[in-house]
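Scrolling down, you'll hit the structures one after another.
In the two assemblies presented below, subunit A is common to both, partnered first by subunit B and then by subunit C.
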Partner chain A sequence: MNSALNIGQSHDGGVCIVTLSGRIDSTNANDLMSQLTKLILAGEKSIVVDLGAVLYLTSAAFRALLVATDEAERNAAKFVLCSLGGHVRELFEMGGLLEVFTVHPSRAEAVARLG
Partner chain B sequence: MSSSVDIVIHNELSEIALVRDALDQLGSELEVPAQAIVQLQVALDEIVSNVIKYSWVDGGKHDILVRITVEDDGVALDIFDDGEPFDPRGVPEPLPSLAGMRPEPGGVGIHMVRKLVDDFAYRRIDARNHTTLTKKCATGALTRRID
Partner chain C sequence: MARPIDLIYSVDEVPPPAILIISALQHVAVMAITLIFPLILAREANLSENQVLDLVSLSMLGLGFATVCFSIRSHFVGSGYLSPAAYTAIYLGPSLFALRRGGLDLVFGMTITAGIIQLGVAPLLKRLRALLPPEIAGLVIAIVGLALASLGVRYSLGIDNGHAVKPKYIVVAGASLATMCILNIWTKGYGKMFCVLIGIVAGYAVSFGIGILDLSAIVPDSGVALFRLPRLDHVGLSFDVNLLAPFIVASLAATLRVMGDISNAQRLNDSEWVRPSFTSLAGGVSANGVAMIFCGLVGSFGINSYSSSIGLSGATGVTSRSVGYAIGMAFAILALVPPAAACFAAMPLPVMGAALFFTAAFVLTSGLQMITARMLDARKNLVIGFSFAMAVVADIYHDAFTAVPSVLQPIFGNGLVLGTTCAVLLNLITRIGVRQRASIKLAPGGINREAVEQFLSEQGARWAARRDVINRATFGVVQLLEVLGDPPDGIEVEASFDEFNLNVRVKYLGAPLDIPERKPTPREIVASEDGERLLAGYLLRRSADRITSRQSGDAAEVVLHYDH
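Now for the complex of A and B:
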């Protein structure tokens, strides 16, 4: 069964960029959480999660992102989100979570702030 | 006129994908607006993941029945389980998040369900929980009936 979520990873200078595409729900949020935790524990100090190609996300995804945010804080790493499009931004708003994360409009801006 | 599909899954999170994919398929066959399908998929995930986590305490394998019904004027999801009585509508609203504070995500999902669907109903019948999520939208169910 395809997991419906693809997690890509690249670097732009010292910034680690995690590109998510597809759907993030209860079936795969744990995969996302462990990937992000692994990056933080591996010593990445600047992480941008690009949600531009995400179709939707559920509260399981918010939980994964909150856990990663806490883990980043414990490890003195910067952890930000970028490119929240239509449905995705609406869902963050519905969950009351837009203010909880550091969100940048575009990947370029996120990298510029962290780099 | 309506088209209805029953899907039985086990109480494992990975199996929610079966219903999610069925919604995609039915949605495209019956011309349900993409936004309505996305909203139902999110609401489905919230409700069924709650059922899986909290309905049974015995750790055993159980069935959850999800019925997808597409009518001319909307889509309904009926979710049945024979676990502990639990009305998901009773989950309290999450506290508003204050700047610099992390909310506990518990309750966030159900709060989203309330906003995502037009009707959110629950009944306990014959020792089963029965949650119904209804989204109003124009569909092609009248002209594109499937059996």
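Now for the complex of A and C:
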């Protein structure tokens, strides 16, 4: 099982799409946080984080996403999540964090909303 | 129990009378296909035309009685789920063998004996559950689906011993199957619910149009009365100890099929289904035993639950138990109407083929879903792969197996029986050396997530555990390791499993873990790493079904429990 975190980045119109795959935990949550913060500070105004290929994420990952959400708010950027799969969605529900983030069922829908 | 989104009427709901009646008639039409087995027996026994009609009528009575027995909800008999009955090819080999040795009397006597065997096995099912895990039940269902599809193709193409395809049959089967598929996929409501019945009627109409519906072949020269009590002239009973072995094997195969079918019926009513209810399975097997005794007494054939009908209720979304009672009543009435017996007995083969092929698709995919919900290691892959292959081989090389001793014919002469027997035996053999408790020691100097993931993944596959439970456990242990940090003497992770529980014990040197009850706010989580630790503890508590923490001397341990 190759579960290291991979971070991909692409653009669809004016929307920046960050694609994550693998597991997100304390070993790589800071990398994710700094990457997202860098994008926001670079002036990206619409960011979609696609979690469709994430195996699981621990509390460190939730913190990284919350910090990025705060940073986006401070810089008047839109920051949304999409494609939460079965187990990952369960973890968001368990932590009561589903309502804290803006979540879309699919990448296409997220891009359409932000585009 | 969570209601699946495709379900229209669940097991406890009663549809309006019109839907109840038409649903029952649809099942009646599909079940009537299996009257071919008593008909084969009647033909081999050289019964007169009137006796053939009597045997068909009594067999219809048997189908109705058995369906009520299977579907009823009581302490001893009945599964509580809509589970229609069918005459089965499992008993064809043993019954024809009995016919040659001792005539119809022996067939009926041995049918009763097989029923008594099933009544004896039913209370033992729970104790035998380790030998019959859900992935094996799924395999049995998949093999049944394959067998139904194979039979469906044979009837649809009109393939006989010369392997010549009959073009008219293809036209009838094609029209009937296309009707069923179009209604099932592209319509809702009545069209979807009654797709098979409408497809069968369309098949009869096309058969009539192109001249292959021949009612005269089954009707006696003297004609048939509109109402008539079927006579028991052909019925007698005898017993032969030499036939015990084939009928024991056949009854065990039938028992496994009941278990597979009832499991499937339970799954159709619960989107969160993970394992069968053994009380319901035992009731289903007892019902099969009672129905077998009834069929023997009225001079009919070996009966079983019907995977096609379970597939039909899955395809239409009508799984109400009341439909089972309506089926029973419908067959009881039809048994008194000889023209109905003649009509069913004359059902064109390609129409039967289309209905069998259509329902087989739902049976096969149900079985595959039950298998793939489990993690499978090399042992389980071999058990399932070999057994599935043997079931196929038995049908492909049917002639080659005719040389095996007659006592083994019921096993080698039937793909379902051979596949099931292989699966049970191989499962028993490969259980040797599988420990239900295993552990891994993680050295200090950092969190070794890969080792934990690999350990739990391999153990999960060895135990054929549910994939979703192992995923939750993997998250739980990794999250726990993050909270514990890097204890001085490393960490030991011990996992133990039975079909109902997965426990993961994490042992380390240090203070006991404090597991918070309170959910931290997003602000607390962002503000500091303490907030993140609060979230970690909260996620641990929520993700496991039970979590306990204790200390003994310098050592501490956390036990994560998951219901399985």
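By definition in this document, the second predicted complex is superposed on the first by the 112 of 115 C-alpha atoms of A that agree within 3 Å, B and C clash if a C-alpha of one lies under 4 Å from a C-alpha of the other, contacts with A are read in each partner's own complex, and residues count from 1 in each chain.
The rule is short, and it goes like this: a contact is a pair of C-beta atoms (placed from the backbone, for glycine too) under 8 Å apart; a residue touches a chain by one contact, two chains touch by 3 or more.
These figures come from a predicted structure and were not determined experimentally.
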Next on the checklist: Tell me the contact category for A:D70 with respect to subunit B and subunit C: first, second, both or neither.
Outcome noted: both
Next on the checklist: Quick one: is A:S26 in contact with subunit B, with subunit C, with both, or with neither? Answer first, second, both or neither.
Outcome noted: both
Checklist outcome for this item: Overlap of subunit B and subunit C contacts on subunit A, residues 1, 23, 25-27, 55-56, 58-60, 62-63, 66, 70, 87, 91, 94-97, 100
Checklist outcome for this item: Touching subunit C in the complex, subunit A uses residues 1, 3, 23, 25-27, 55-56, 58-60, 62-63, 66-67, 70, 86-87, 90-91, 94-97, 100
Item to check | List of subunit C residues in touch with subunit A within their complex | outcome: 447, 449-450, 453-454, 457, 468, 471-472, 474-475, 478-479, 482, 519, 522, 525-526, 531-533, 535-536, 538-539, 542-543
Item to check | Interfacial residue positions of subunit B with respect to subunit A in the complex | outcome: 13-14, 16-17, 20, 35, 38, 41-42, 45-46, 48-49, 52, 94, 96-97, 99, 102-103, 105, 108-109, 111-112, 115-116
Next on the checklist: Under the stated contact criterion, what part of subunit A meets subunit B in this complex?
Outcome noted: 1, 4, 23, 25-27, 55-60, 62-63, 66, 69-70, 87, 91, 94-97, 99-100
